[in-house]
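For clarity, chains are labelled A, B, C and D in written order, and residue numbers in each chain start from 1.
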Amino acid sequence: MHSDALLRLAEYFAEFPGIGERQSKRFVYFLLSKHPEYLRDLAHSIMDIQKNISRCELCYHFFSGRGEKLCETCTNPATDTTLLMVVEKDADYEAMKKSGMYLGRYFVLGGLVPITSKEAHSRVRIDELVRALKQQAGLKEIILALSLNPHGEHTDTYLREVLSSTTRELGITITSLGRGLSTGTELEYSDTSTLKNAFKNRQ
Amino acid sequence: MHSDALLRLAEYFAEFPGIGERQSKRFVYFLLSKHPEYLRDLAHSIMDIQKNISRCELCYHFFSGRGEKLCETCTNPATDTTLLMVVEKDADYEAMKKSGMYLGRYFVLGGLVPITSKEAHSRVRIDELVRALKQQAGLKEIILALSLNPHGEHTDTYLREVLSSTTRELGITITSLGRGLSTGTELEYSDTSTLKNAFKNRQ
Amino acid sequence: MHSDALLRLAEYFAEFPGIGERQSKRFVYFLLSKHPEYLRDLAHSIMDIQKNISRCELCYHFFSGRGEKLCETCTNPATDTTLLMVVEKDADYEAMKKSGMYLGRYFVLGGLVPITSKEAHSRVRIDELVRALKQQAGLKEIILALSLNPHGEHTDTYLREVLSSTTRELGITITSLGRGLSTGTELEYSDTSTLKNAFKNRQ
Amino acid sequence: MHSDALLRLAEYFAEFPGIGERQSKRFVYFLLSKHPEYLRDLAHSIMDIQKNISRCELCYHFFSGRGEKLCETCTNPATDTTLLMVVEKDADYEAMKKSGMYLGRYFVLGGLVPITSKEAHSRVRIDELVRALKQQAGLKEIILALSLNPHGEHTDTYLREVLSSTTRELGITITSLGRGLSTGTELEYSDTSTLKNAFKNRQ
């Protein structure tokens, strides 16, 4: 692949989540063999996605709507405004929404705070979250809904620290998603931490 | 492999957990090339395992000890006799024991009740469990500690039904291990059931 | 993901080689969070790939060059014109080129002939291949270099049939890549066909 | 698993090909729960395998037969005694035999010569192989049939060196299994060595 144009496109694709160098080249060859019109449509589709998508100014979720400031969940009067669930990213938001059991507001943090990071503020939307807390009238509980891996746990701890004075002041409770056995967990192969949580949280 | 003796041994190995036909043959060739003394030692080791191992008459756990009736956990005065944890098999018992946070008694059920089974009694130690409940003075809580898969969940439901009259009579509470996020759970890829449990059991 | 624009883009990505529905959505979210300028650059990069890339009119390989008709290999006087290697696709061409041991011409077939196909002609460049054979002065040997899977083997057989009268007429030999043990082949786990080829082609 | 007897048996199983520590313990629990008669039968089956199995004094293949010195292939008058195929182990012998296309004699080397080894002689049956060469009347060709991995290739080179004077003296040709594409080989993902062999050995 000696053309600069092909290599540059392959480099773009190699940045896509989960795509390595080899597959990025296959993408390029795949596109090379397509009709020019297909490429034009794809390119326009890429340029257009942000056009009709807005990022909610309250919860930072991407939503369908041109020029609108607030997403449907944030404006829906049926949304339970006593709850605010903090998720890492849009895909987590969608997974939770799809489960159908949570009916409150959300806040998309925009990432996790890496354990080793010294610039947590620049990585995630801390200031925006604090502002959202203060703006949500009637808020009683913030639910930290982060994946159960080292960065997720670190972010949970970090958020509890950073938010503590604000939540104390406003009388808001901070909770985290429950821990224990998840679908498919086999006791025999479980780590001590999962078994401890499962025992502690038995019911 | 045209010798009947080899094929018969390969068939034995093919019954071992997780071993297929091909690997069972590799085991046979592996043993064929060993010194006769090695084979004799291995064979004796196999015949001997049950000699110095007893199955506890109370909890049905295998333990080291010749001719003894009760295992160390069942006889240890430090064991918390207000609790009884029901596990499927010895490996689960060991995993839980190793985690170090549970200090009560155990009961090894000897299997799970398959969803489709009509002979649950013959599959697991129900009668023995009921008897164990009645014999354990001061018992306050039975903890069902089963893997979170369809058979495990079915067994949980089944045990709660079968034990209900006895536990009501004796004033014993039935609990199950807590459910939610386990180590490594990514929200984005979680099923609805795990998310529901994690939300319901937030804290 | 309820926006039509997002879903349409996700559908595009789901057509990419090796990409499923879930990953295609991750691509979309990945792009959503990028700066508009990044999207514009990527889109232009996609539209541009064919601009500076030509498909060689002789061998059908994509190559770097605007408006040129023949690729470097086809025009290079050092290329051995007594040989013509038929490959399925550009990636195979590149793998072979990179190995550095073949110095003749190539022909990119554009696909394989599926075993069940009744329209072989519309699937691969047969007519173009016959024409290339006739145009290549001094051609002595065509090397069928197809992957060793059912469709590849079927295509090999098909090409030998279709080309036989032309090659006989022009005095051209048809060969296929050698078969036997490839890097990593373990005898114990090899299929009969590989062992047969390896034995037959011993040297 | 605190019983010495259990741990010792688990250690035996952990030596079995492809078995790790965890699975070896599962084997032990599996056997613990079996009927004593089952264990006795398994143990006898293990002790018995060598009883009715002999190792051929010519080719070192294990074969069914008590007290016999030569295997069926070595004694069968239909066996082609102009050929001798050197394989690493019994499983390779079986794979080759099963393919049905080779009808000559075999020699089981008993291992490969590791690249870094300085004691090749103690690892594989070199002296026995030289003796077998000399004893096989009418032998014309030795086929080195070793897996195509670094140790296999090293052993191939090593054998050619060690055997060269004997084979030259006796007028015996040394060949190796053919190399090229094996079943399933995709050109795009092939290493240079496989492509080189496939091109060189085209036909």
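Just so it is clear, a residue touches a chain if its C-beta (ideal position, glycine included) is under 8 Å from a C-beta of that chain, and two chains touch if they have at least 3 such contacts.
What you see is a predicted model, and the numbers here were worked out from it, not measured in a lab.
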Target subunit D, source subunit A, minimum contact steps: 2
Centroid comparison with subunit C (C-alpha atoms), farthest chain: B
Where subunit B and subunit D are represented by their mean Cα positions, the distance between them in whole Å: 40
Computed distance of Cα centres, subunit C from subunit B, in Å: 54
Shared-contact residues (touching 2 or more other chains) in subunit A: 89, 91
Chain contact topology (line, ring, star, complete or other): ring
Interchain contacts, given as pairs of chains that touch: A-B, A-C, B-D, C-D
Residue ranges of subunit A in contact with subunit B within the complex: 87-89, 91-92, 95-96, 98-102, 143, 145-149, 175-203
Residue numbers on subunit D that touch subunit B, as the complex places them: 1-6, 8-9, 12, 16-18, 23, 25-33, 36, 39-53, 62-64, 89-91, 94, 110
